[in-house]
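I'd like to ask some things about the structure below.
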Amino acid sequence: MIALGLPPEASTIAPRVDLLLYAVTIVTGGVTIAIFVTMIVFGIRYRAGSKVKRAENVPEAQARARRRVETAWTLIPFALFLASFAWAARLYMVRADAPANSIELFVVAKQWMWKLQHPGGQREIDEMHVPRGQPIKLVMTSQDVIHSFFVPAFRLKQDVLPGRYTEMWFTATQTGRFHLFCAEYCGTDHAHMGGDVIVMEPAEFQRWLNAHAAAQSMAARGEDLFRHLGCSGCHGENASVHAPNLAGVYGRPVPLSDGTTVVADERYIRDSILLPRKEVAAGYAPIMPSFTGQIGEDDILDLIAYIKSLASTKERPK
Amino acid sequence: MTHSRVRNYVMTWIALLVLLAITCGTSFIPLGRYNLAINMAIAIAKALLVIVVFMRLFKSAPMVLVVAVIAALDLAILVCLALPDFVVRGW
Amino acid sequence: MSILTTGLAGDVPPAHSVRVETPSNYLNAKFTIGSWLATHDHKRIAILFAVSITAFFFIGGAAATMIRLDLATPAGDFVKAETYNKLFTMHGVIMVWFFLIPSIPATLGNFLVPLMIGARDLAFPRLNLTSWYLYVGGSIFTIVAMIAGGVDTGWTFYAPFSTMFSNTHVIYVLAGVFVVGFSSILTGLNIIVTVHTMRAPGMTWFRLPLFVWAQYATAAILVLATPVLAMTLVLVTVERLFGIGIFNPALGGDPLLFQHLFWFYSHPAVYIMVLPAMGVVSELIAASAHNPVFGYKTMAFAIIAIAVLGFLVWGHHMFVSGQSMYAGVVFSFMSFLVAIPSAVKVFNWTATLWHGRITYTAPMLYALGFVGLFTIGGMTGLFLASLALDVHLTDTYFVVAHFHYIMVGGTVSAYLGGIHFWWPKITGRMYSDRWARFAAILLFVGFNFTFFPQYLLGIAGMPRRYHAYPPEFQTLNVLSSAGALILALGYLLPLLYLGWSLFRGARAPANPWDATGLEWQTPSPPPVHNFATPPVVTEPPYAYRMAALTRDVVDAREGTR
Amino acid sequence: MTSANATIGAVHEATLRVAAQFEEAPQQVHAAKLGMWIFLATEVMFFGALFFAYAIARVQFPEAFAAASKHTNILLGTTNTAVLLTSSLFMVLAMRAAELGVRRATAILLVITALLGLAFTGIKLTEYVLDYRDHLVPVLDFSFDPRYAKGALVFFGFYFVTTGLHLVHLSIGNGLVLTFARRAWLGKPNTLADQVEIVGLYWHFVDIVWIFLYPCLYLVSRT
């Protein structure tokens, strides 16, 4: 195989991307070489002063050659391009569907560091520990400008935007330390906004998780916030205010007051906290205050984790 | 000939003012989404009246028509290729 | 045509004086500074543009040199991170807006379009001069702002970094670029109207040289895309100055709106840079091969197709930006489509050599360099149009290498080739072809040395706009920096021998290359109003006949020395 | 804007003889008209991008835009629309008069056009003052129902940017119209009708921009 200086293939998608890369390299390289060889041959053969036999009337000779040749060299590249497009597009679509058994990791980017949080509450900065062979889904947002989460060894990259969540998933296949870069220019220390992705054997990863166990899981922290911020005053069990019950809401369709329906995903929960009037659940008054400016991205992720945990236990929040 | 042209211009002007009255008037009637539709349809109608009658689009050189159509198409490209992204991003 | 001799205004020499010993031409008609700074002559305005863009090219090149010096070591020891960011911003802003975009349209296009279509000037000469003043005013203003304080947003001005987080002179630079944008629009408008209304009798659309077709298509893009950039810059300014949430989500804006608007301009802008280069190269190859361009009409339609499709592909800059996946698929497909007319052009240039009588003069070497580098740049563009590959390659050095192959390897090679080809026409002097060929080869070698390693860096995963990098990337970076030194030398060389030729070069004949085209039928340099008698066109373009080739061009040129 | 000036200027130069670069007058007139239309095409893209940004913001804050729109002055806004439409009528009548070679009438009609343009400007500035009194000017003095404050700020940001840019264009148009009114009154250029038509194209375009601004700013929600 050609080397091309690719980084190690450390994710399930990496060899598939590389195969496509080799294929496209061979095709485009072949065409390029063919063009160059033709140019050199013509260039030598038809140099001024060479005695080679030339057509009496070049425009006419060209006109004759044109019909077939031009059609051929329009259609053949077109077919090759279509094939390449379809292959690459299919592989791109794979990025969108995280397997159902993925573990979620939460990433908050800020100038100029990556903050990560595991569901169990373990926090990391500029490092990401993940187990080998386990699909991981990253839910990412930024506190300031646009960043981009780039792991060359996984052949994956996704911009991280302020004000919304972007996602990316992977399954690591090789243990070791790999580069993590910020790939979208984000200011002075852009070049230093990076770190390491550390892929470990699952058992070893479990040991790491235990060693770094946090006092509280994300959901537990979210539950505390839920009470301290006064969310439970309306959404809680004994609330007198008419507010939606959040148990089991995650992942379900929510009918809205304007007649449309949205799925209660991370984005919906986040927007409901920050922009509560944007999508009001049907049957409820738009009375929730906005929490814009009062809580950070980390807190929102904790709250989301808490609301998600309610989805599985089906218990009404206290 | 002259008078008929001037009359055309005056009639167009009256039509523009009538359209203005309609768009302003209907906006006080709650029609939900149709308010927006009416407003935009009337704005486009008014713009077309101005372009065709006052700017004499079809009486100018053919190239002028081409320029106008290309400008409209280019704007359509911007809207038609960018707007769907904002709509379907959540999918 | 009969009103010609009586209807002329002002300082037009009477027709008979053109044939005397020291012919009156546009250069020696007047010598005062005022006669240059207030000129309405498209040829003089072209030279004003050429001098100013050359100055900006070397300022931008100096920034690039410092960038490459800094990247010679992994820690980036040469300058601080802030300085590095300001340097690459300066390099990008200057090279894109103050060099590449005006490069061919405002210099060679300005000079040659009226000559090639047989007109006395552009349709709006005063507008043409206004365009130059806007350009110089805007770009000097920007450069002062960039040197006095600097800007660290990158030439892309991505929001919300540019609107809320950068602490540098963003507003001034935006204002300067805005003004230069108007210059582009005016030049474009002028060229479109000129091609439509001022063609000589017999100069039908399918007798236009491909250079004119390319300028025409470019002008259309300038006119239609630049205003969107102008509005985007206005909106960035509004958000930055007044805190109105347009792009920054914290204020209620949408950062992808900025990217859509910006790339709606900036992708077509790539074609603003490369289409004129394609036009130049078509002329150069046909003249040097003494052969009609293969598939002339196909080439003309390909130019138009590229210009149109260029408006439909901007989203391929945003495959990992958080844009909808479906939008990504659509934009990827469009990007593959735009590759087809580009590929057809390369094939047709190659086929133009077939049955030719090729002379390897300096312009031809530049043109062949263009075809080679453009081919590599275009082919690597297919990697970036392929969605899954782009996910890995975007925002890495692969992208940097790709667009430098197109814009520097392509456009700058073509620009230099064009300058060499029409130099005798513009200045009336010949230059040393030996030195020129040497420079062309040096540039080709230096270019590949500089930028090919960057493809490998990108594949290996080195992100762009990095002031420091992990040590395993050093070897390739050092190679690239070493190549940059060769490249810098290659760019300085033409200044020397072309400068020398201005004073010591042999007088150029009207048609030193034995080329077709109306511009070669008037003396070198041309008279103020271009043609002593208005030309009438009776032939298709590139009517290189076998009979005309019996006279060996090289001998003809030797005879002039 | 400069192009408008210079395009029209190029035509004016040719009152008695054709400018040096042209062969004959019709060619020159065609070039000038085409030039103005192409300039308007760039203006379409310029304002088009602005309207597009507005649309995206409005989708983001539908309720706030509705609430903010209620605070615009519909009486003055509608009056102004009528004033501008009427000015376009006088502009086109001036062009007709010029075609018929009635110089004085042309000049008078152009002056009326410009007066209507100035009336528009006056009303618009009055509106700005009233907006300031209502605390609706971002940066200077802005306060709004806190439920909608964020979106309303964006709305009024667009309100001032769009109307401001429109006003700049209109003022340039006013200057051009008055210049040509003076020329029509003083001399008798033989291409007067073409010149007035070209100024008219610009004037009508500015009118069209307002035709779209009016519902976007004043009529988002009135119920």
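Per-chain residue numbering starts at 1, and chain names A, B, C and D are given in the order in which the chains are listed.
By definition in this document, contacts are C-beta pairs under 8 Å (C-beta built on N, C-alpha and C of every residue); 3 or more make two chains touch, one makes a residue touch a chain.
Fair warning: this is a prediction, and the values are worked out from it, not measured in the lab.
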Requested in this report: Select, from B-C and C-D, the pair of chains that is joined by more C-beta pairs in contact.
Outcome: C-D
Requested in this report: Farthest from chain D by Cα centre, which chain is it? Let me know.
Outcome: A
**Report entry** Distance from chain D to chain C - Cα centre to Cα centre, in angstrom
**Finding:** 35
Query raised in the report: When the C-alpha atoms of chain A and chain D are each averaged to a single point, how far apart are the two points in Å?
Result: 45
Report summary line: The distance between the C-alpha centres of chain B and chain D, rounded to whole Å, is 15
Report task. Return the residues of chain D touching two or more other chains; collapse runs of consecutive numbers into ranges. Result -> 30, 34, 38, 41, 45, 48-49, 52, 56, 150
Query - Two or more partner chains touched - positions in chain C - result: 196, 224, 228, 254, 256-257, 261, 264, 322, 325
Query - chain B, residues touching no fewer than two other chains - result: 63, 70-71, 74, 78, 82, 86
**Report entry** Residues on chain C engaged by chain D in the complex (per definition of touch)
**Finding:** 1, 3-4, 7-10, 12, 114, 119-127, 130, 134, 182, 185-186, 189-190, 192-194, 196-198, 223-228, 230-232, 234-235, 238, 242-246, 251-254, 257, 261, 264, 529, 534
**Report entry** Contact set on chain D toward chain C in their complex
**Finding:** 2-3, 6-7, 9-10, 17-24, 27, 30-31, 34-35, 38-39, 41-43, 45-50, 52-53, 56-57, 60-61, 138-139, 150-151, 153-154, 157-158, 161, 165
Query raised in the report: For chain B, which residues count as touching chain C in their complex?
Result: 63, 70-71, 74, 77-78, 81-82, 84-86, 88-89, 91
Report task. Show which residues of chain B lie in contact with chain D when the two form their complex. Result -> 2, 5-6, 9-10, 12-13, 16-17, 20, 23-24, 27-30, 35, 39-40, 42-43, 46-47, 50-51, 53-56, 60-61, 63-64, 67-68, 70-72, 74-75, 78-79, 82-83, 86
**Report entry** Interface residues, chain C side, partner chain A - complex
**Finding:** 76, 81-82, 85, 152, 154, 156, 158, 160-161, 164-166, 248-250, 255-256, 289-292, 294-295, 298, 319-322, 325, 328-329, 332-333, 336-337, 339-340, 343-344, 346-348, 350-351, 353-360, 368, 371-372, 375-376, 379-380, 382-383, 385-392, 394-396, 456, 459-461, 463-470, 543-544, 546, 552-554
